[in-house]
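One chain, subunit A, links the two complexes that follow: it is found with subunit B in the first and with subunit C in the second.
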Partner chain A sequence: MNPSFRRERMRHLTIQVFTIGTVVALLWLVASMVQHRLELMGINTGFGFLSNRAGYDIGESLIPYDGDASYGRALLAGFSNTLKVAVSSIFAALALGLLAAGAMLSGHSTANRIAKFYIKTVRNTPLLLQLFFWFGIFTISLPAIRDRLTLLPGVYLSNRGLNYPTPDLALGLVFLLALAILVFTLIYGARLRSRGAKTRLFSIIGWSIGLGVVPLAATTGIGHLNMPEIGRFAIKGGGVLSPEFMTLFIGLSIYTGTYIAETLRGAVMAVASGQGEAAAALGLTRGQSFRLVVLPQATRIALPSIVSELLNLVKNSSLGVAVGYPDLVSVGNTAMNQTGQAIEMIAIYMLAYVTINVIITKCSQVLEARYEW
Partner chain B sequence: MNGNHTLSLPQKLNVALFGDKIRTIISILLIFIAVFAGPGLINWLLLDATWVGTSEDCRVNGGACWAFLGVKLNLIVFGAYPTAEIWRPMVFMALLTLIAAYAYQRPRSIKQVILCLCVAFIVGLLLMRGGILGLPVVANTRWGGLPITLIVTLAGLGASFPLGILIMLGGASENPLFRIPCRLYVDVIRGIPAITLVFMTFAIVPLLMPQGMMIDKLLRAALGLTFLTAAYFAEALRGALEALPKGQDEAAAALGVGYWKRQRLIILPQVIANSMQPLANIAIAFVKNTSLLIIIGLFDLLGAARSSLFDGDWQGYYRELYLFVGLIYLVICLFLESYVSKLETERSGRISR
Partner chain C sequence: MKTVLTLGASVVALASAATIAQADMIETIKERGELTCGVHTGLVGFGAPDEAGEWQGLDPDYCRAIATAILGEPKVKWVPLSAQARFTSLQNGEIDVLAQNSTMTLARDASLGLTFPAFNFYDGQGLLIKSDLGVSDSKELDGATVCIQQGTTSEYVIRNHFTDMGISFTPVVIESGTEFFSAFFSGRCDVITSDLSQLAVVRLTSDDPSAYTVLPNILAKSPLGPVVRADDKAFENVVKWTSYALLTAEELGVTQANVEEMKASDSAELQSFLGANPGVGELIGLEDDWIYNVISTVGNYSEIFDRNVGKDSPLGLERGQNALWSDGGLMYSPLF
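Now for the complex of A and B:
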């Protein structure tokens, strides 16, 4: 072997050994220091604390929880709240983004300007500031229960949140049935249409059954709605979305909507204008060309960026801690303050958010595969 | 068909607003919204608003209470900094504004701008701390408001950009000893919420220090954001690095140029120039992220502004406050945005010449 190469190799080897040695020594030093400090402060290590009694209350939770439950259960309750706000905000942000992108692409100059103004202002101010603003709206500016706003019969908006009627089990099942019929009509109808069948009659029957089931059940007395009842200081019965949830939901949707709108607009612009012209030459109308030619291609281009914006939304939901929404980070920080086990908590956060990341990324891969050609 | 130029203005408007079905629907919707919400908004913002006066005047008028901002301006912008000494952070901010104006006018002189920023940063810190030139000392626990936001932004961006470059280079290295930790770092940091990282540095860094050694609160807070932003910088730069033709590096290596010199003279200038837009977005995100410091009890711009709400005489004027503070953030971020696009047009003009 060429001696200069050998020398080079020796040099690399020496550097590597030296670096490994330094890194190991540093890690050992830090670890022993941390261990020493933790012992001095009387802080345990390991994940044993998860089964200890938490002893603090959580404002709201999708799973049963009280102060006597364990830290593990508290964190699970927080995680369920994170999922609740993240999932609902994802849909709202997508809808809002679609709306704003549509306004920018509509060719209506005023709508375009309004959408651009919305995007510029919301994107260039901190999300936290916007959350504080919405929190003020939902807790200070909305009227007290006595002067509540009635949006629909049984749906009340006040500074204690949004109260709405909930169906009991029987009616809930009827709702599910109606939804299933509608979804079946849509999907099976589309499949029939793609085979060239005439589906008008099928659709009419499907839609009327789907939409008719709920009123039918209501009039025949199968199940009933739990209506919220107004008390002097509280509203009992029915369901409630807390002001904290509403704050986070509205704030996250409006903030992330701007990013989605920009992504969608960019993607539609990026689909070569020749595509639209070719569609027009083939005799497709403007609507058809947009729906069948431009949109599928644009969706494919936009999908990766939209997914990363949705991941940001999930991460940003941790700002709920600032407005008192008991999400994972909020609950976890209380646990961290009580037990002092910061390192373990960070590991749990990472595990939770990485799990959500993996799920969303997998979903997007499935979607992406559908748009492959 | 007649060209648009033969149409009169009302006709043009008619086409623009009611030209086809979609536009007509949007126009009707917008008119409906304007009629429904417009008067109330204008009343609140302008007609019923109180521009100067007391909280009593605000209550009587019922509109926006801009007088509140006037009364609390010092607290909102400068936090708890002693009122008699407020000229010091003002001088610091004036310096930064001057540098910003200069940078905007002369997009080619980036090196001078960076040098000026370093000098202004040090001068600003010394000035705000005092203890020199016979100025009384103001401990940094009393600093607050916009100066804190600017200091943390400058220090954090200044530290995280070089760190991001190193991590990017490490991630691109052939040596797994560098590559794996760097890639892992970027993936892990980008996977967790910013706020947990800020918390973590706040809670864990003291544990890592030898006993008795305390790191300043301000520094610890900036540290978390720095670690976060370095990962994002590294990721943005990696994208540009992968787009760079491999021949650039190989040709330089064949000429016998050493590793660091190659990175410094060949790779980095191209990589940075090609990732201007994502880098600018990260810088803007940093400015916005400084607001997270409020959660660990630091009085940055948002924190100081929020503390002005706790005055019993002036309660509930959060809308005016957040609109005003939002405007400050908006100005800073839009300035960064337009500065970077100016840098880019200047550069593309130079290349095409």
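Now for the complex of A and C:
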């Protein structure tokens, strides 16, 4: 190795060790000061409380939970709810954003106007206000269970949420099988097509098996649906999307959708117009030119800003506290209140959100690398 | 996110609370010229702003009494706090005293670095339900959706109550007080649970009180009172004895109207109680006429009670267990 290069490395290493050392020392200093103060004030410290019995119930959870479980389990249940609303809203926001951006770029004047109205009203009002608005819609405007709206047989909408039938295990597996067959047909068909093979017969067979499996299973009595049943106070059985979840899901998707739409529109506009013209000169159709020339370049421009909007969405999901959605922060606030251990809880919140957002950032880096050239 | 930020700020404040916590609270309040008091964001009778933005209610009157005991006049800075934020605000020194319908529990008294010097209202946790559901006892509530306010003891009390009866329920936990009530009135939940006094207020201030019923079940005791940090014994004593002074004044028949003549009366007990003879102030670091000032500003306990929640108020609550011990209630003051 070249000596000057080695010296350079040595210098970098020293700087890094020194910087990290200083940061760690500072953190340690602050932590020990806080610990000392808390002891003087007679406030409990430490993470031991996580294994104590929580003693409070949570309205909904993706993992099994009841009030006899520990605080740690309660926080996990809250975290599962945060993930549920964050992940579903991310997909909905992307779809909405794509749709609105498409409407604005389409040159169709009505679509353009609707998209502009959507973006202007939603982007210029505070998210919390919008959440209260949606919460009002879902609780005040929707009828009580007795006067529920029946959307489909077994699908009810009331101020207790959206109730729907869920498949039991056997039927669930059949659904999965059907989905797998359809996905296989699509992907393998595309591959065959790209090799120039004729895939018409293959597609017909694939689609009919895929779509036929579920009715077949239902008529032969292999699987059953758990239908929601109307009780005195609640609709039991089946699945339910609570009004709190729908408030947060719809509020976050619609709000973040506007930012994504504007980012996408800006990105498409930022691709030099010569690119499209050059593509046309090469004989590409308008669709091909958009798909093969403009979109890849626009995606590269839009990705970083879209990712930061998605990170915001994840953090904004903590506003669920205001409308009673039991996300990590809501569940954690109760734990904080019962144990008084605010600092520990805040540390857990930070860790949880940083983890989700680091994962999103990593995914986006992989995507960005694909669009490098 | 806002909550996280506030709490984050509280944590930072907590870390730097060294100077606040060790200071002499009574001196600090005198220098500042006002008491900082954490109150309810809006609960008629127990702490709600009037047209002029002044907080009125049982708890705010306790703050006025404490401020008058120390400063000689009821100079209070009001800090409305949610149930969730209240204890953190007190811990980090944002407020001097918290008078916000707070229930005393072992955990709050022992592990938060706080202390409950006195009780100003003996309450119980109950259930409010729509009358047309035809429910007369909590046993019939299997499967009901219950709205609960975050940061209150009701979160675990309600679970214990329902599991003891072997029936299930769905909780909806809401932080904001207004959203909590509107969730009930809009029908999001079948039942709300809170302190009985609070349920009475909510019911009476609704559009049609007869459409709502408070169930007879009392889920838990709920002794309410002001809260202070545990690291200033002298200030804690002021809060405790101000509260006792209000009760003793009622016992002795001292009212806002007659406090002047009572002070001039021949009774040695009254003379020392109201500071005509020295002694009553020095022991807790106040002026000798502090009780006289308190009573002439806010009146005695029965006057505070009647004016805010009792017979002279729209709520018209009975004294019940909040009567003096001599009238069969729980209000009992040690000797002055």
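The rule we apply is simple: the second predicted complex is superposed on the first by the 319 of 373 C-alpha atoms of A that agree within 3 Å, B and C clash if a C-alpha of one lies under 4 Å from a C-alpha of the other, contacts with A are read in each partner's own complex, and residues count from 1 in each chain.
Keep this in mind: a residue touches a chain if its C-beta (ideal position, glycine included) is under 8 Å from a C-beta of that chain, and two chains touch if they have at least 3 such contacts.
Being a predicted model, the structure only gives us computed values, none of them experimental.
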Contacts of A:Asn333 with subunit B and subunit C, given as first, second, both or neither: both
Which superposed partner A:Thr285 touches (first subunit B, second subunit C, both, neither): neither
Contacts of A:Asn357 with subunit B and subunit C, given as first, second, both or neither: first
First (subunit B), second (subunit C), both or neither touched by A:Gly324: second
First (subunit B), second (subunit C), both or neither touched by A:Pro126: first
Partner chain in contact with A:Ser106 - subunit B first, subunit C second, else both or neither: first
Touching partner for A:Asn316 - first (subunit B), second (subunit C), both, neither: both
Subunit B versus subunit C as contact partner of A:Ile20, first or second or both or neither: first
First, second, both or neither for A:Gly55, with subunit B first and subunit C second: second
Shared subunit A surface residues [contacts with subunit B and with subunit C]: 30, 33-34, 37-38, 40, 128, 132, 136, 140, 315-316, 318-319, 321-322, 329, 333, 336, 342-343, 346, 349
Subunit B residues within the subunit A interface of the complex: 16-17, 19, 22-23, 26-27, 30, 175, 177, 188, 191-196, 199-200, 203-204, 207-208, 210-211, 284, 288-292, 294-295, 302, 306, 316, 318-319, 322, 325-326, 329-330, 333-334, 337
List of subunit C residues in touch with subunit A within their complex: 1-4, 7-8, 10-11, 14-15, 17-18, 21, 83-84, 87-88, 91, 107-108, 111-113, 133, 141-145, 147, 150-151, 155-156, 158-160, 163, 169-176, 179, 182-183, 186-188, 190, 229-231
Footprint of subunit B on subunit A - complex, ascending: 12, 16, 19-20, 30, 33-34, 36-38, 40, 103, 106-111, 114, 120-121, 123-130, 132-133, 136-137, 140-141, 315-319, 321-322, 329, 333, 336, 342-343, 346, 349-350, 353-354, 357
Contacting residues of subunit A [partner subunit C, same complex]: 30, 33-34, 37-38, 40-44, 55-59, 67, 128, 132, 135-136, 139-140, 144, 159-160, 231-234, 236, 242-244, 315-316, 318-319, 321-324, 326, 329-330, 333-334, 336-340, 342-343, 345-346, 349
